[in-house]
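The next part holds the structures, each set out as structure tokens.
Each of the two complexes below includes chain A, the first together with chain B, the second together with chain C.
Presenting the complex of A and B:
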């Protein structure tokens, strides 16, 4: 049964235009699909091919191409196969459709991506802040956010000079830092 | 939320009240909080509040070498760190097309099952404490410590072993280790009847846990539940068997299921999995001496290692459910993107919020511990 389902799906996906299909191994399939067609593809996979488990949604920031890549990982408990559906949306304005009505776990992943990448999902039940409740800066997982530069701008470096170290140094011991390693 | 930023909002008169459950509460696993709305002691609604343990692993990993991240990933889940290392290593091996020597694969399975035993002992011990039974907790933690002793001997580290690297494992198994592991397994197995009479068949626990946080299989599939929590609803799915990695397809083990779907069933699954893990480890002890060969594949200079461009989605079965890494490489010496899909990302947020509704205040802790939710996986 499960083998037939895989063959049926492979043939079907190969026939659809605007869908690029590649079977990477016996249990991994990569599908590249246009952003408009993705919800329809997911509906097909869930409704007719038993892909009921949304394992994850991943966002990748391709800053040089000015695009976000969204990847939907779906698992079928019957066909024992994982389909990764890749789609790309423009970085600006970074708005896409929620798939919450198809897969309820999407709510968590969409909320997370919204918080970390600033992609807004229309129709998602909850886009409130979750992890970075008191963060007002830009979405930190974007490639143009440099956390080290942010730290240097926001905080001041302090020399760490505990008393015990001074005592050790008075006796001639201690930590030596090469001049080129001293933080400035 | 920090207390100084909390602002009370005036509400119209009602018999409902809001309670902050956590972040520092004995009924909460780790640094995590719940904002619970209650009517009497019945939960009307619950909102998860995460972020107390956010360390930004995914961002940090983008700035470090592939090999440096090995020291970072086990910190994502404290009670069960080995699957994190193994899954990350498997992903890099997949990107590079590295063949892991067979001996290393067996050693990895050994570590994974030891870690599962330790995590399950921790999990049901924690659950026992939420029902006011502290002895099983002390026993669980003490027996887990014996496993950590073996980890220390094998890897040098008790909790975070950092023993796996892409291509294999770091060191050979010490002499006499398998014998000592074997006697530890004998000891743990002899403890199981004690655990049964102390905890799993104890009416204090059974009556408290039965019917608490009940999940039907239909709901579990809809809400993205995985791992022992899914098996407690009757679906025999396990990544180790259905999407096998390492040498799990050559090992014999059962996938225990329960029909209840409640806190009791979830604990009984963990009890049954303790037995299965011991069974798997016995097979590893029997087979490992006859599997000879290197323990790691040759890898390029790890400090200047450009992993070929590509992407991969790698999954393993951790003690808490399905753990997955999505890794993108752009061909440089650092990952372009690492996404960690922790099993508790579902269990600790949506599933817990929904299961809490209608339950009593004192059962929230039971539901959380029976789901074995691990907040660091949510925050990352």
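Presenting the complex of A and C:
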């Protein structure tokens, strides 16, 4: 029964035209769906195909395509298989539906993504700050946030000129790549 | 009597720098004894912020055995002598470190382990970590390495012991003497309204460590924002009394 489940699911997903379906191994499936169809797919997977465990929601910032990619990882304890449902939403305004009503752990992941990428999930129970409670800047995991520039602006560096190095430099040696050169 | 007078007696007054100064060979005996004892029994509060903490269990337990030097872990900051900061310090953690440090009773010593406390280490690009620990607290010993081996940790602790024994480890005084500088760096990171429950200026006055650098523009800013400490409200529920009413 449980092995058949995967075969039926594969057949179904292959038949739907707008769904891109790729089985990578007996335990991994990648599905690409449109943003409008994703909640329905998740409902199908959870309700009828035993994918009851939401492992994680991942977000990828594709800044050149001006899109966020959201990846929902679902695990089935019966079919022993992981479905990764990929979907893309426009980067601006970066709003998507929450799947809290289907999977309650989603609240945790959505709050985290909201904090790190600034994607707003409609219907999620709590979109408050989570880990970065004392952070007032832009969402730091976005590609357009330049962490290095921020660091150079905010922090100061320690000068490191020990005596032994001066002795080596006097003999014509020394450090080939200084930290200042790497930091730009 | 005449024989006794021939015995050479060390003169009680010698001229140092033009002024007469009393030198007593026993004058520093108690200080030296205190420093010796202090160096041989140190309680260590290890604030395990990063990966360097993984080197501490072997350093503390039977393999390298820190306790043979008289150093052992302590559970509260108020009873600890050493604050050991092991690894990267995020901005949020730094606040807690400063709170912990200010609670410790003087004399207190800070040891920064790993490259991250020196200059950000491998997290130098990170928006979330503070880079130079020395800017926010007076650090006595840095133990560099990513991560330093337990031998290096013990070597660093021995350095600190030698400094204490010779009376050189007095960096904790610098926190009181240059409080304005440290507070300024803290305010730059945490915002203008940053404050801690410990009144450092009053403590500096108490220890007699007020200098020109203790007060300044940053402490003035602190006074502007400072709220007095308020005890948390506590109310007891008396069921009998409630029933009578």
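Side notes on the structure shown:
Just so we're on the same page, the second predicted complex is superposed on the first by the 158 of 184 C-alpha atoms of A that agree within 3 Å, B and C clash if a C-alpha of one lies under 4 Å from a C-alpha of the other, contacts with A are read in each partner's own complex, and residues count from 1 in each chain.
Basically, a residue touches a chain if its C-beta (ideal position, glycine included) is under 8 Å from a C-beta of that chain, and two chains touch if they have at least 3 such contacts.
Note that the coordinates shown come from a computational prediction; the quantities given were computed from them, not determined experimentally.
More residues of chain A lie in contact with B than with the other chain of the pair chain B and chain C. By the touch criterion defined above, A:97 lies against neither chain B nor chain C after alignment on the C-alpha atoms of chain A. Contacts of A:37 after superposition: neither chain B nor chain C is touched.
In the superposition on chain A, A:179 makes contact with chain C only, while chain B stays out of contact range.
Residue contacts after overlaying the shared chain place A:105 against chain B, while chain C stays out of touching range.
In the superposition on chain A, A:156 makes contact with chain C only, while chain B stays out of contact range. When the two complexes are overlaid on their common chain A, residue A:16 makes contact with neither chain B nor chain C. When the two structures are aligned on the shared chain, A:133 is found in touch with chain B and with chain C.
Look at A:147: by the touch rule set out above, it reaches both chain B and chain C. Comparing which residues of chain A touch chain B with which touch chain C, the overlap comprises 132-134, 140, 147-148.
Residues 27-28, 52-56, 58-61, 71, 73, 75, 77, 80, 82, 84, 103-105, 107-109, 112, 116, 130-134, 140-141, 147-148 of chain A are the ones that touch chain B when the two sit in their complex. For chain C in complex with chain A, the touching residues are 91-92, 95, 118-120, 124-128, 130-132, 134-135, 189-190. The touching residues of chain A, when paired with chain C in their complex, are 132-135, 137, 140, 145, 147-148, 150-151, 154-158, 160, 179, 183.
Residues of chain B touching chain A in their complex: 1-2, 5, 48-51, 54, 56, 58-59, 63, 221-224, 226, 235, 237, 242-243, 313, 315, 322, 324, 326, 328, 336-337, 339, 341, 345-346, 349-350, 378-379.
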